[in-house]
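Read through the structures below before going on.
Below, chain A partners chain B and then partners chain C, in two separate complexes.
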Partner chain A sequence: MKNTFTQSMAWLHTWAGLIFGWLLFAIFATGTLAVFDSEIDNWMRPEVRSHDLTQLQAAQRGLAYLTQHAPGASNWNISLPDARSPGLQVASGERRRGGGTALDPHTGEPIEVRETAGGSFFFRFHFTLNLPRNWGIFVVGALAIVMLVGLVSGIVIHKKIFKEFFTFRPGKGQRSWLDFHNASAVLLLPFHLMITYTGLVIFLLIYMPAAVDALFEGDNQAYYKAQGEQRLLTPRAALKQPAALVDLAPVLASAQERLGAISSIGISNPGTAAARIEVRPTLGYRIALSKGQAMVFDGVSGELLRDVPDMRPAVLTQRVMAGLHFAQFGGYPMRWLYFVCALVSTAMIGTGLVLFCVKRRRKYASASVSAQRWYKVAESFNVAFVAGLMLACAGLLWANRLLPVELAQRANWEVKAFFAVWLLSLLHAGLRPAQRAWAEQLGLAAVLCIGLPVLGALTAQHDPAHRVLEATSVVLGGLLAYAAWRCVAPREEKPARKRATVAVEGQ
Partner chain B sequence: MSNTRPVWLLIVSRAAAALLGGYAFSYAATAFLARVLPMPAVDAVIVASLPSFAFYTCAFLWAFASRDALRAWWPAALAVPLAAVGFWPQLWSL
Partner chain C sequence: MLMIGAVVFAYVGMLALCLGLERHYKQVWGRAPAPWLRVALRSAGWSALAISLWVSGVAWGWAMGPVAWFGGISLAGFGVAMLLPYWPRAMVWLAAALPLWGVLLAV
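Moving on to the complex of A and B:
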C-alpha cells in the first residue's frame, strides 16, 4: 500500500489490528478464562459440593442408580469426578455423553443443580463467538489468520526486537503504551505464535479440506477409515442373553493404571452377554489431545478388548499441536502458566487497541468533523470491546448467582445478561467522554471482580474449593481497579502541557 | 495501477486478494503438496495440511506488500497450476 515493505506492513498492522483486534481481544480474553472452565463451572453450580471420594466409589454410586432407574437402556454413561471437578453425572439411552442427571456421590441420590451457561460458555464463545457453531468456527478461524498476519507484520515493523526486550518507560503516555505493547509481544512471541497456529490446527480439516478433497474425493469418513480406525462389532446373538455385569473395581483399576484419572465410563448393552465397558481418560493424560480415545473391556468377563490406539506419527503431530492449545496436560502448574501467558496475550491486544487511539488523539483533535466522528467511534468501540467485554464476563458470574434458581431457560437468561451488559457498555462508551468511559467501566468491572467472594458467600453455602477462583478474581479486580485509577489520574497530559508552555514562552 | 482509482477501491481489492486469493492459494498449495509428497495418503493429508495456514499468512502479507494492486493477485493466479497438479486424477477423468 505504501512505498516500502516496512511501511506497507505498518499500515496493515495498524488497520487490520484495529478492525479485527476488537474481536480478537474477546477471543483471547474468553480463551484465558476457558483455561479454568471447569473451575468456573464449579463456582456456577454451587449445589455440586466438593468431596474426597475415589473415582471407583463415585462410579459405583452411579452404577447403582442406573441399575435401579434405567435397567433396560441400551447405553449407560457415568461422568466421574476428578481433580478439577467434583460432579458425578449419569445418563442413559442414546444420549451418551454430557448432560444427564447429577448425583450426590455420597448417597447416590439425584441433586437439584441450577441450570447455568457455566464456565463452558467462555469455552464455546472462545471458538464460536456464540454464533451458530459452524459459522462461528469459520469467523474465528479467519480472525486467527489475521492474528498471524498481525504477529508477522508486527515482527517486520519492529526491527529492534532485542532492544525491546528491555525497554519499558512507564508513565510516559504514548511511549509507555508502545513499550508495553512491544515488550509483551516480543517476550511471549513464541506463545502468541504457538497458541494462534495450534488453534487453527484443531479444526485443520474443516478449515483446509484441500488434501482430503484431492486424495479422498472429499470423503472424511474414507480418510478416517484409512487411518486404521477399527470398530468393534457388537455380537448380535449375545444381545438376547442376560448376563451380570463384571465388577467395576478391577476394570477401573487397570484403566487408571494405564491412563491416570478417568473422565467417564460408558456401558453399552448392560445386563446382556454383549455388554461392553468403555473407559475414557481425562483429556490431560498426555500432551496429545486424547479426545475420542478409550479402553474397551468386555462387560461380562472384564477382559480388555481394545487398548487406546497408537497414533501414526503424522496424526500424533496434529494431536500434540491440538493438545498444546487445549492445555489439559501437566496439571495445575501448567494451567497457571497458560493462564498467565494468555493474560499477557490479551493485554498485548488490548494495549495495541489503546495505542491506536492514544497515538491519534492530538491529530484528530484538529481534523475535520467527519474524521473526528470516526475517531470517536473507534474510541467507543475500544472501550466497549476491551473494558466492556471484561465487564460482561464478570456480569455473567453475577447473573449466575442473582437470577432466581427456578427461572425457566435460566442458562439462556445468563447469556442474555452477558450480551446486555456488553451492549450497555457500548452505549455508555458512546455517550461519555472516552477517558471517563474507560475509568467507569474498568472501575465497575473491578467492583464486580472484587465483590465476587462476597456475592459467593451471600448466595450459596461456602465451599472451600471456590476459594482459589474467588481469590484470583480479587487479584484481577485489583489490576482492573489500578487501570481505572490510572485512567483518571492526570498523568498523560504532563509532557504535552510542558511542551505547550515552552511553546507559549517561546512566542 | 493508476493513481486515479479511489483509495477505498484499492484497499477492497487488496483485502479480497488477501482473504479470497490467499485462501485459494493455500488450498491449491495444500492439494499440490498432498499429491506430490512421497508418503501414504493418510500421512500426506496431515503433512500437507499442517503448513497450510503458513501459506495463507504469506499470501495474505504478499497481497498488502506487493508493489501494485494487480500483483496482489499473483498467489491467486499461482493457485491454478498448483490445483491442476493436486487434482489431476479428477481432471483426467472429466
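Moving on to the complex of A and C:
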C-alpha cells in the first residue's frame, strides 16, 4: 500500500482493475450483445421466417394446432411473435412455458428449427459466466462490486474531471490511452454507475436473503405472494363440464390495449367450464420489469378475472431498477441507446486493461527475467480476454451456421466452439509477440464480423429482418479492422498526425 | 422525430459547453474566446441540455424520458470528445443539424 489516500486508491484501481477487468470485460461485452439477444436468436434460427401477421392471427394458428393435436391437455401455451421476434411456438402439458413446437404462422404447420445456443447464450453468460447458475450469479455479483470499487476509486484518482471533460489527444501513446479511458469513463459515468448498481439489485434476494429468511423462513414465493400476487382458485366442479373456449379476439384486444404487445398466452383446462386464459405482456410496456405478470380472463365468458397486480413500493423499486438494467422499455430507440452506451463501457474497460501494459512497457523492457515473464502473462491475458473474447463471440455466430444442422447436442457444440476459440486465442497470445497477437486476433475478428452477411447469404435463405444485425456486424468489424491496422502501423502514423494538429493550432 | 430532437439538442449543448472551455475553443479557432463569448457559450450549452431534457420528457414520457436523456447527453458528450481532435470544424458544423431538425419539424 502507498502513503496518501490518492496513492492507495491508484494502487487499488490499477490492480483490481487488471485482475478483475479481464472478466469484467467479458461480462460487459456479452451484456452489450445481450441487448439484442432476440435479434441474434433470430439470426441463429434462420428457419423461422419473418412475416407481417398480427398477434391475433398467429394466436389463432397456434390455437388451431393445439385444439387438433393436444385436445386433452391440462395446459396450453402459445408464445406469440412480436416486433423483435417472428417466432410462433406452442406447448402443451403440465405447467409448460416457452419452448415447445415451432409453427409456421402462415400455415400453422410445425417447422424444423435448428437447435442452437442462440443469442440467449450471451445473456446467460453475461450473468453466470456459464458457471452453474447460482455460482455464476455470486461470482458476477462480486465482480460487479469490484466494478463499483473501480468506478469510485477512478473518480478519486482522476484529478481533472471537469477540466479534461472533453479531452482526447490521439496519436500520443500512453497519453491517448489514458485520455480515452478517462473520457469514456467520465462522460458515461451515469450509465456505468446505473448499469453496475442495478445489475446487483436484480439478484437482491440471492445476495441478501436475510430479510426473507427472517420474515418468510426463506420462502421467496411466500414473499412475492405477500406483495399482492393473489392466486386464483380453480373451480373444481366446473372441471368436468365441457364448454367451448371464448373467441380470442376480444380478449387479446383488451389485453393489448392495457399492456401493449403480448408475449404469450396460457390456457389452463381448455375445453372445460373451468378454462382460464392468462395473457402475459412483453417485458417492456413500462420501466419496471413485468416478468411473471399477467391478466387472467375467464376462458368461457371472456370476463376479466384478475388484472396485472399493483406492485408495493419495495417490490416496485426493485423491479424498476431491474427494468433499467434489462432495457426492455422504450422500444428500439432505447435499445440502441443502451447498446451504444454499453459499447463505450466495454471500450472503457478494454482501454484500461491496455493502459496497464502500455504504462509498464518501457519499465519492464529492462527488468529482471522473472518480472518480464509476469509482464508477458499480463499482456497475453489482455489479448485473450479482449481481442480473444470478441473473436469467440463472432466465432459462435459462425459455428451456428457452419455446424451440420442434424448434429446431436448441437447447442452444446456451439458453446464448445465458443470456448475453444477463446482458449486458442489465449494459446496464440502466449506464443506470439504481443503487438502481433493483438493485430492478428483483432484482424481475424474483423474478418469474421465483416464476413457475416456473406456467411448468412451462403448458408440460409435471405431474410430481410437479418439486415440490421448484419450491417451492425460489418460496422463493428470495421472498427476492429481499424484497431488491428493501428496495431501494426502505429509509428508511421505519429509524425503525420502531429503535423496536422500543429497546422490546426497554428491557424 | 422528437427523439431525434432530444439527441440533437444534447449534441448542441455538449458542443457549446466544450467550446466554452478556453483550451478547446483555441483548438478549433486558433485563438482564445472573448470572456463574454465564453459565458454565452456556456449558458447556451446548459440551456440546450435543459431543452433536451424537456424534449426527452415529451417524447418518451416523464418516466423513460430522463433515462433516455442521460444516455443521450452522455453519448453526445463522448461524440464531441472523439470528433474534436480529428475533425474540429466538422464537429462545429454538425450543429447545423439543429436548424435542419427545426425545419423538418415545422414542415
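The rule is simple: the second predicted complex is superposed on the first by the 480 of 507 C-alpha atoms of A that agree within 3 Å, B and C clash if a C-alpha of one lies under 4 Å from a C-alpha of the other, contacts with A are read in each partner's own complex, and residues count from 1 in each chain.
Everything that follows uses one rule, which is that a contact is a pair of C-beta atoms (placed from the backbone, for glycine too) under 8 Å apart; a residue touches a chain by one contact, two chains touch by 3 or more.
Keep in mind that this is a model prediction, so the values were computed, not measured.
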Simultaneous placement of chain C and chain B on chain A, clash or fit: fit
Which of chain B and chain C A:5 touches, first, second, both or neither: first
Angle, in degrees and to the nearest 10, that opens at chain A between the C-alpha centres of chain B and chain C: 90
Which of chain B and chain C A:152 touches, first, second, both or neither: first
Which of chain B and chain C A:183 touches, first, second, both or neither: second
First (chain B), second (chain C), both or neither touched by A:200: first
Touching partner for A:168 - first (chain B), second (chain C), both, neither: second
Which superposed partner A:330 touches (first chain B, second chain C, both, neither): second
Which of chain B and chain C A:455 touches, first, second, both or neither: neither
Chain B versus chain C - smallest C-alpha distance in the overlay, whole Å: 19
Touching both chain B and chain C, residues of chain A: none
Sites on chain A touched by chain C in the complex: 163, 165-170, 183-184, 187-191, 194, 286-287, 324, 329-330, 333-334, 337-338, 340-341, 344, 501, 504-507
Partner chain B, residues of chain A touching it in the complex: 1, 5, 8-9, 11-12, 142, 144-145, 148-149, 152-153, 197, 200-201, 204-205, 207-208, 210-217, 223, 226-228, 312-315, 317-318, 321
Chain B - residues contacting chain A, complex: 10-11, 14, 18-19, 22, 26-28, 30-31, 33-35, 41-50, 52-54, 56-57, 60-61, 64-65, 86-87, 90
List of chain C residues in touch with chain A within their complex: 3, 14, 17-18, 21, 23-24, 26-27, 29-30, 60, 63-64, 67-68, 70-72, 74-75, 77-78, 80-82, 84-86, 88
